[in-house]
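Input: a single structure, listed below in structure tokens.
Each chain carries a letter (A, B and C) given by its place in the written order, and its residues are counted from 1.
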Amino acid sequence: MTTEPELKSDYDVAIVGAGPAGLAAAAVTAGCGLSTVLLDENPGAGGQVYRAIETTPVRDPKILDRDYTDGQDLILDLKDTTAQHVRNAVVWSLAQDGEIGVSIDGRAHMLRAKRTILATGAMERPFPIPGWTLPGVMTAGGAQTLLKASGIVPEGRIVMAGCGPLLWLCAYQLLQAGCNVQAILDTTDPAAQRSSIRHAARFATSPYVTKGVKLMAAVRRKIRVITGVTALAAHGDGQLETVTYSAKLGPVDRMTADHLLLHHGVIPNVNLAMSVGISHTWDDLQLCWTPNVDSFGTTSISGIAIAGDGAGIAGALAAQCRGRLAGIAAVRAIESNATGLPDELTVRRDLTHAMRGRRFLDHLYRPSRAFRIPTGDTIVCRCEEITADQIKATVALGVEGPNQMKSFLRCGMGPCQGRLCGTTVTELIADVRGVSPQDVGYYRLRPPVKPITLAELAGLPQTEDATKAVVRL
Amino acid sequence: MAAATKSEYDCAVVGGGLLGASIAWGLAKLGQRVVIVDEGDTAIRASRGNFALIWVQSKGLGMPEYAAWTVKSSNAWAGFAGQLRDQTGLDVCFERPGGFHLALSEAELEARASQMNRLHNQPTVVDTGTVMLERTEIAKMLPHIGPDVVGGSYCPIDGHVNSLRLFRALHTGLAQLGATYLPNHAVTDIRHENGVYQLVTANREIHAAKVILAAGNANMHLAPLVGLYAPMLPERGQIIVTERVQPFLKYPVVTVRQTDEGTVMIGDSREERTTPDGMTTPINAVMANRAVRMFPILGSLNVVRSWAAIRVMTQDGFPIYNQSTSHPGAFVTCCHSGVTLAANHALTIAPMIAAGALDEHALAAFSAGRFTRRPDVSQVA
Amino acid sequence: MFRRLPDKTAAGVVNFTIDGVRHVGRRGDTVAAVLLLSGARATRVSAVTAEPRAPYCMIGVCFECLVTVDGVGNRQGCLIAVANGMRIETQKTRREVGA
């Protein structure tokens, strides 16, 4: 893998995101001799699951074990190829014809690729509870990022809340690091538990079951776990001071806390994909928008594929496989005589194995309605400070979709471009109207999907047609 | 809200954008039973993509009556905003500090001066107080202008408003007045039987005594259904919006304004297109470049979003207001400047419609007969 | 409210300031990470009601970690690695244009 600073204007393949899917895809396409650029906004490769894997100060395998360190292999695979990995490269636009706008070190560049693979992964599902905007409230994934990248952990009284494998893994890692995790407020929905039972047998044969069971047992020995949590709120004057909760619709209890770590699943980070016009469908099991892709990850726009959790949540092992499949498709589309491709059937077999048990997890940890559809003064849009009640009142005015809602209330107009409010707004509107989220739709997203300064934009090439359209003497 | 039990209305307004909402609000205030039939969430919704200017200085070259119509609306705007605030509690932040059109080259300045001269040399045109200013004079009012600004035009009665809040205020006001708003009811046919208009929509049929077409560019295919004519020529424009900053720009410039929320809006472009899709980066680059040349301090601001919208535009750019002779009680209303003219639509046009007839003398210039030189527009439909 | 685990790697130290006060970090730390480590609870205020806010997601998605870095405001702290001489400032008001 080369790190030459000079960015070319044309590549065979451009890959956005250097997590497991992106790294695996780049190894395939570059390994077959296609000119490949891997653009990643972070200082180092690894995405979220393998964050800072090349530079992490955490070397204790009791804290970060093989499931993390094995990610090194993906980087090593890439090192022998001519793939160009560009760090701190923020992709802010993608056009249907394969033109990419990217900012590196404060300068905007346009480049073009014959095939683009989006591997931008997932993000934490928004968890709108009263007080979730208080300093001291963070995502569990955020705590993991601090741990992996810098060996920094929260001090003081930590309360964790939500459901899902990442919550348990994070709790385990923090315990191993000597943190004081006071309690886990488990919001796993009993109805979800019941619906997961029929998938339990298959989960028993998955690659995750042994570790998962051991991990949860270890956590339960040391941390108080309160199950059936049906309500949750964070309180404090300018910062988190207490957490209140009630379990199984019982009375409200409180605990003082310095940190509240929230997690109830991850969902695809759809902004770049949606901004280029890729069609998405609402997945009612995973409760998120998922791009419509074929078995190679190719989207509704030819030349653009999505690999990894961005194509649908399935975990790191599946992400690698899907990255390889997208890479294979890209190579075949550009260089039909290429040699050195991994065997497609082997990759598919690995993918099937990696996907075993996911259905069980999807069912078991499907977040309950109470934590997806907030009420009252709870902030839905953090950027513009719009509440659940405001949104409901606006539906009552006849506003039936998120785009009109955005015009009326400004929700979704802040810098995060709806990443933290979009699914909530869609679900809230659907709930009030009594229709499906699919019928309600989502914000119409357009580039730039990440901030770019006016000066950077101003410095891009000005075409004659564009100038004529603007300067009309 | 949706699904009113009554099926008969005094007025059905087709189109829930700025024009439709303004007229509907004016009608509802006068006690008319109003229904607005609108498209859905992802429809083109052209008037939502406006620059929020209440702009006088460029209006009326080729039709002096348009300048007068614009000044009338500008003068009525403060009262309109006050009525909305009193009724709904929502402040649309109307401001009329005066506005600028800035030139970044001598060629641009000359072209602007020539345009202003031709506009003001038209006999009977109203005086808007627009003046050409040199750079040094502009710098006193716009201290942050960059070295490339050579001069420009200034009109003391130009202004701007929070147009999205205007939408919200109109719809809130409409709900309070008991008007019915029906989204997802795109109109596909209009029949006239026994003095009642039957609107065939994507949902159910709506009956009303009068029908007012305020569907923007779609008026072009709806107008003939009621014996009217509305030739439209949509165009696409792009807008850039930045993050919020502390107030620094008191006066709106026709392509750069700071909103009451602190964000900076930058425009504007014009392409002949009928859909907002396929927004292009090069156009944004040119607009950004010009904005940064006008105000270099804007350079470090982050662009938070950018969008393209379709402009409602009649074939010659001037409004069309007509009532049908073949279909009594049917009206067509189209304009480009839905924000600027909102006060007129709510406070002048709506009362005319409520009373049963447009003042054809006062609005003679805006008849679509001008496109065909036939006063009775129904002969063209 | 955060602490650093013992670090046996030789990643190198970085010197920077937070609101004028000198701090030391590890090469590879992000601006958001060092802010949290420094004990800062709020690192900016919200755009509409000026409520205190702090980094939330740490992966560049939530835009809560906006801080001023070397004089330039509203930069996502979780995506910027600390560098020697860097001036980090928390944001107590809306950004000034030209800053």
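Assume a residue touches a chain if its C-beta (ideal position, glycine included) is under 8 Å from a C-beta of that chain, and two chains touch if they have at least 3 such contacts.
What you are looking at is a predicted structure, and each value in this text was computed from that prediction instead of being measured.
Ranked by how close its mean Cα position lies to the mean of all protein Cα atoms, the top chain is A.
When the interfaces B-C and A-C are ranked by C-beta pairs in contact, the top one is A-C. The distance from the centre of chain A to the centre of chain B, each centre being the mean of the chain's C-alpha atoms, comes to 40 Å.
Separating the centre of chain B from that of chain C, both taken as means of CA atoms, is a distance of 44 Å. Centroid to centroid, with C-alpha atoms defining each point, chain A and chain C lie 22 Å apart.
The residues of chain A that reach two or more other chains are 414-415, 451, listed in rising order. In chain B, the residues that reach two or more other chains under the touch definition are 243, 298, 300-302.
In chain C, the residues that touch at least two other chains are 47, 74. Looking at the complex, you find that chain B touches chain A at residues 1-2, 38, 40-42, 45, 48, 107-108, 111, 164, 167-168, 171-172, 175, 181-184, 240-243, 261, 266, 268-271, 277-293, 298-308. Contact residues on chain A toward chain B in their complex (touch as defined above): 93, 95-96, 99, 101, 110, 277, 394, 396-404, 407-410, 413-415, 417, 440-441, 444, 446-448, 451-455, 457-463, 465-467, 469-473.
Chain C makes touch with chain A in their complex at residues 1-5, 7-9, 11, 26-30, 33, 36-37, 41-43, 46-49, 51-64, 66, 74, 76, 78-79, 81. The part of chain A that touches chain C in the complex is made up of residues 41-44, 48, 52, 55, 57-59, 63, 88, 90, 123-124, 133-139, 141-143, 145-147, 149-156, 177, 238-239, 258-259, 269, 382-385, 414-416, 419-420, 450-451.
Residues 47, 72-74, 93-99 of chain C touch chain B in their complex.
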